[in-house]
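In the two assemblies presented below, chain A is common to both, partnered first by chain B and then by chain C.
Up next is the complex of A and B:
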């Protein structure tokens, strides 16, 4: 426990010094603000970028607030996840290559607390960024569009957080298994895409799957997903997270000899 | 919504953008060994909106 808190302090200092604690929230907040603002100014944007042909009549359906927040989630699904994977691809592999790991591994180190300290810091930063991003998006939706219940937002963000944790744990485990950060990012992307493909092909019959979590999260905005399936998906996702943490700590221990001096 | 409240509402976007740019520039100045020439990263950070600083942090920092 003492080891864990000391390692966590090291992670905290590192994340401040490489500015991750500042720029990742900035990216998510910007993504969250952009979506409602672009939707609100759509007519003006179209006009400024060449406009419609003379005499064209174009009715703009005002998007409903839940559509805007779903669009924000879509942005996080693509750009947000890419940013998170790229930011954390080197957490363990990079430490092995830069030589920081040598200073750690010569001491009697519990690899579980080593991995957990990195996971805790990365999870805290990504979840706080995610929440700030959704809050910013929600605020601008209130400002420019109609009202949406805050409880619906909370339920949606809560379920989506589990999904982000799953992706993040996958990235960290890949970083522990593979020799460098680029490979880790590629592997995390490959798994992410393969899993989405599998879900697209078999998803109709397999409703209790962690890959369905973003969909279930979006369902909270308009009503609620089927509870038994939702709880099952959350449970499976949590199991996968725990499994990946164990796998990651084991791989970090297994690869300790590969560190460069 | 009138013009001034609109501008006030859009202010945070510019503040965050400038903030990102400043963080990236400070980091670039302190960085002894960026991934590519320093002047190039300086131009990218200042000229390319929003994406520039992010690309610098992801690619230019050599943190892997």
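Up next is the complex of A and C:
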């Protein structure tokens, strides 16, 4: 674990100096703010864009706070996940292809520490971004709409965090396994879509599927998901994360000969 | 036992043999030059010794607890790290304690002539500076075995001279294996020569051994005009060759000695420009050995 802290310091410096630690949270905060703000100003926006006949009257149902936060989650599910996959697809493959990994691999390197250092930094930035995004969204929801219990938000974001970690770990493992960042991103998307499709088609009875985690997370806003199903899904997701970390570390070691010399 | 023993080392990529049946030893405290044309398998061999590549067959045995430093031909650095940050990290990852690592990194960077660039990001480094930093990361943990892939080829003549001097000063407590195609430099720092071509070892031995096998010593007598050289050749029955204004006498068992030549020249009162004893340079030997395969 001594190597882990040495490598984590390197990752820390990298993520600060390439500004990932700043711009990724910014994207999530923007996404988080957009939903409540756009919903609140919808009548004015429509009016300003014109095209409405004189005297037309529209009744907008005021969305409930949980609907707003679920819409925020939908933004994160699409744009947020795309941003994270693109930001971290080259984590390991990129180091191999540029040859910067060579001077690490010729040392007595622990590949578990190597993978974990990258995972820890990427996970920290992703989770901080996620939390800041939801907190910003929550703040504007309170400002423009009704109250929502803070504990409900914590439960929702906490559950959703496990889901994001799963996607992120999948991306890093793909980056260790595949020859370049583009392929890693494509594979991460493909796995994500395929599993989601499989879950949609065949998963009706498989209630502890990690793919249902975003749904269970959202359920905390209006009440609570069925606890046994929720705990099962979280447990499976954690197992998958650990499995992907082991697989990624092994693949990084296995592919060390592919680094540019 | 030798520090490093390589036996029948082979590396195959699909149908292609990058290295085939390579066998050699590295003795403690020696410098070995790995010489060969492009594509001879030098980088593959060094990569296997550095444990980046695993051999297809054959074996590499290193002495117990042997620490290794490796400089690739084109070292790549994380552009957002400074030279000191990178070298310190390299030292720590190679097992140098946290307290010693920084001091050792600074000393090493001074040693390779980068004392002015400790806090500069490596992304802004020139080619020559990268080569020096590459050497620094290879030696910062004071390895017993140093593997260098073309350590001086990318440098200008001044830089080349400096790095050669640095390497020579390391030789006392480090065993060095380096590949090069700059043969003048190899001649300067080598206890053992390994000639490779197409993945094979085609000649090896100490500089003296290789030279005695291939150097073809000769005496050159230079005349004022080509015609005089031809005339001299016609008048003497020595084993010789005429080339423009000079005759080349081969010096071997049945050939002539310098003493004989000087005696003849003075007694005949030959009007010449000069006489000199010549042996083939390493470069000529290399070309001859490679062509002879």
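Convention: the second predicted complex is superposed on the first by the 258 of 261 C-alpha atoms of A that agree within 3 Å, B and C clash if a C-alpha of one lies under 4 Å from a C-alpha of the other, contacts with A are read in each partner's own complex, and residues count from 1 in each chain.
In the analysis below, a contact is a pair of C-beta atoms (placed from the backbone, for glycine too) under 8 Å apart; a residue touches a chain by one contact, two chains touch by 3 or more.
Quick caveat: nothing in here was measured; it's all calculated off a predicted structure.
Engineer: Quick one: is A:182 in contact with chain B, with chain C, with both, or with neither? Answer first, second, both or neither.
Structural biologist: After superposition on chain A, A:182 lies in contact with chain B alone.
Engineer: Is A:18 touching anything from chain B or chain C once the two structures are fitted on A? First, second, both or neither.
Structural biologist: both
Engineer: In the overlaid three-chain picture, which partner chain does A:87 touch, first (chain B) or second (chain C), both, or neither?
Structural biologist: Only chain B; A:87 stays clear of chain C.
Engineer: State whether A:27 touches chain B only (first), chain C only (second), both chains, or neither.
Structural biologist: After superposition on chain A, A:27 lies in contact with chain B alone.
Engineer: Contact-wise, after the overlay, does A:166 reach chain B, chain C, both or neither (first, second, both, neither)?
Structural biologist: neither
Engineer: Contacts for A:259 in the overlay, against chain B (first) and chain C (second): which applies, first, second, both or neither?
Structural biologist: Second partner only.
Engineer: Could you say whether A:122 touches chain B, chain C, both of them, or neither, answering first, second, both or neither?
Structural biologist: neither
Engineer: On the A-aligned overlay, A:143 touches which partner chain: chain B = first, chain C = second, or both, or neither?
Structural biologist: Only chain B; A:143 stays clear of chain C.
Engineer: Identify the overlap between the chain B-contacting and the chain C-contacting residues of chain A.
Structural biologist: 18
Engineer: Touching chain B in the complex: which residues of chain A?
Structural biologist: 18-20, 22-23, 26-27, 29-30, 33-34, 37, 83, 86-87, 89-90, 93-94, 97, 136, 140, 143, 180-182
Engineer: Touching residues of chain C toward chain A in the complex: what are they?
Structural biologist: 43, 47, 50-54, 68, 70, 72-78, 80-81, 85, 89-90, 92-95, 134, 137, 149
Engineer: Touching chain C in the complex: which residues of chain A?
Structural biologist: That would be residues 2-3, 6-7, 9-10, 13-14, 17-18, 98-100, 102-109, 256-257, 259-261 of chain A.
Engineer: Within their complex, state which residues of chain B touch chain A.
Structural biologist: Listed in rising order, the residues of chain B that touch chain A are 9-10, 12-13, 16-17, 19-20, 23-24, 27, 50, 53-54, 57-58, 61, 63-64.
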